[in-house]
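Note sheet for the following structure.
As written, the chain order gives the labels A, B, C and D, with residue 1 at the start of each chain.
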Amino acid sequence: MKTAPAVILSTILFVSLSAQAMPMANSGDRFGNQVKNTNITAEEVRSAQEAWGKALIQISKDFEKGGSKKATATANAVLDAAYGYAEGPVLFKPTLTTGEQTFRTSKEGALAYFVGGNKKFSKDSGFALKGWEKFDYRNAAVYINGDMAMTMGNVILTDKKGNVTTVDKTWGFKKGDDGKVRIVLHHSSLPYNP
Amino acid sequence: MKTAPAVILSTILFVSLSAQAMPMANSGDRFGNQVKNTNITAEEVRSAQEAWGKALIQISKDFEKGGSKKATATANAVLDAAYGYAEGPVLFKPTLTTGEQTFRTSKEGALAYFVGGNKKFSKDSGFALKGWEKFDYRNAAVYINGDMAMTMGNVILTDKKGNVTTVDKTWGFKKGDDGKVRIVLHHSSLPYNP
Amino acid sequence: MKTAPAVILSTILFVSLSAQAMPMANSGDRFGNQVKNTNITAEEVRSAQEAWGKALIQISKDFEKGGSKKATATANAVLDAAYGYAEGPVLFKPTLTTGEQTFRTSKEGALAYFVGGNKKFSKDSGFALKGWEKFDYRNAAVYINGDMAMTMGNVILTDKKGNVTTVDKTWGFKKGDDGKVRIVLHHSSLPYNP
Amino acid sequence: MKTAPAVILSTILFVSLSAQAMPMANSGDRFGNQVKNTNITAEEVRSAQEAWGKALIQISKDFEKGGSKKATATANAVLDAAYGYAEGPVLFKPTLTTGEQTFRTSKEGALAYFVGGNKKFSKDSGFALKGWEKFDYRNAAVYINGDMAMTMGNVILTDKKGNVTTVDKTWGFKKGDDGKVRIVLHHSSLPYNP
């Protein structure tokens, strides 16, 4: 009788082996089994999304307490910590930019968008200064690939008057050699209004 | 006299070595030096962007020649060849979608957007059927990371009447095991109108 | 008094936020939150290592039961399922190969090593035919990077007479678009004997 | 007559488009077209391989000129610049190590192997101190995947007496956020001697 080794093997290979079948289970841990893993996790993505919201609200609060100077200092720190401008261009299309200044691939352009006050970007009034008090988000889907993750969905912002702004938002996050997650892609747009 | 080996080494290591300094240059080719490279290239990104534009125009032309049926068949083939729906959700925010149907993470939703005719997506009138004749694009920046690349910039579409539509567009392309490049992320939005 | 926003932010950003602090926790799940993840996991690496051992023992058993023909069929199926030869050269240095035939970058060379019987590789006696009955392994360290993982450590093989062979082994595993894990790198060597 | 859109499209999509067919060719460069690419290249792999050989010879020369102290300082600098120990365990199996100390996943163990003089590694006599004068290499195959590349092949070392040592060597190189290439995997073994 003929055997079908491919079929047999496919059941042997790549199946989760039970402890009974593998008496040496966990034996892989001997010698210490040190594991280095450079990949980004879904947990890290979620944390980075929530940190973005927290940071936006913090800039708004600092603007109220300390004015433009304090808000700018905070926004500057946020950009350094949460965006990848130190390593090259960031693919950033903010919600309310237009024309030649639509894309903010440099940190200067991003800072201008968040807190205004830069003559080179005279149309920027400071998106982060608008009294934001609450942040929420809903991911339509998340794509994780190596040290990068992309999210797409809605971000819902509420200001101190209770006005709600919903945007369609795509983020690309990259985990660095230092284990920190930074935004390298950010496309935000107002919902289409037919 | 003390030497500073770290400095000396930094000039030795990781510099492009001249042919004179390395008489065995090219010796790495012996044994055949077969190279397998899974990474996506800037060339492949450009080709994929241009292929997207070509495909959109093709759907428009097929609609004129063969009506909805022909356009739908073409759009279906485009989605299979150029998008990653076969392997999971695609992060797709088309230009003109709204509300609960803003994000089209399934192929059905993407097809409805391009050619309409699906009762589940009753607001879709078929973006690809609008008589597109010319496609152009301008990348603000490109980010290449392993088998993925992201682009952000403008796409400029012209229809047969000469009307020009410019959109802000982000794409994420992934190169598969088969060497083909597919869209796994696509965020398109009309320019902000203050 | 001066504030230090960078410090403040560093405590805000990238920290695991408590449920209390984030009332919208889990809100990211709305819209379905479909997650596509191409990365290889430590679990998958362990399973692939254990599957390799199982497969080697299976070839030995099949050789006893069905002779060279059966063993060859099984080895062929193992190579197709567990190695990446279908997509290009595999970096394979088996334990007992020498000279011009040390590296087996093609499937034919790998099959010859495991089961012999190929005149082009006349020194190969069939490593997998040596009556292997038990497999164990100990990872010294594991490196996970995207869809690839590398392991280094000892593999301990016992034959039916109770003879134990220990080898120093490095594996490189790659997870394919189909979610399956395949060996693309395999360097095995006998321990150095001073 | 029925058309076969899938076939038509497959010729449209993903083909290298001629300049004639695409009058807007190169238009993707407008807006600056800044490209960030984190991937490792074949050139960088070759440079890193040659830098390793240069560094080994340098340690040998420094040992002759400045004795153990100078060689150790150089080896220390080489390990910092060329290996990834700063970011975690390196998968390193040197040519001449045995038993419990076969794998040198820490920098201390690697340094001991290259220059000896560490009581914890009493069998190490200093591999880099053996009067190496010439380095050559032959890759059997190279595998490039994202920011990592693996090479397998022979390294051929010649000492000042003209003695030649050939080893079977596998390297795994990783390109860091700083653009520098470091060894994270290194398996070296003497050829099998039947």
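Simple rule for what comes next: contacts are C-beta pairs under 8 Å (C-beta built on N, C-alpha and C of every residue); 3 or more make two chains touch, one makes a residue touch a chain.
All of these numbers come straight from a predicted model, not from anything done at the bench.
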item	value
If a chain touches chain A and chain C alike, it appears here	B, D
Copies chain D and chain B - interface residue numbers shared by over half, same or different	same
Euclidean distance of C-alpha centroids - chain A vs chain B, Å	20
Chain centre separation in whole Å, for chain D relative to chain A (CA means)	32
Per-residue overlap in chain A, given as positions that touch at least 2 other chains	31-32, 34, 36, 88-89, 103, 105, 140-141, 143, 145-147, 153-154, 184
Residues of chain A that touch chain B when the two form their complex	88-93, 95-99, 102-103, 105, 123, 140-141, 143, 145-148, 150-154, 168, 170, 172, 174, 184-185, 187, 189-194
Chain D-touching residues of chain A, taken from the complex the two chains share	31-32, 34, 36, 87-89, 103, 105, 146, 176-178, 184
Chain C-facing residues of chain A, complex	3, 5-6, 8-10, 12-17, 22, 24, 27-39, 42, 46-51, 54-55, 58, 62, 66, 70, 73-74, 76-78, 80-82, 135-147, 153-154, 180-181
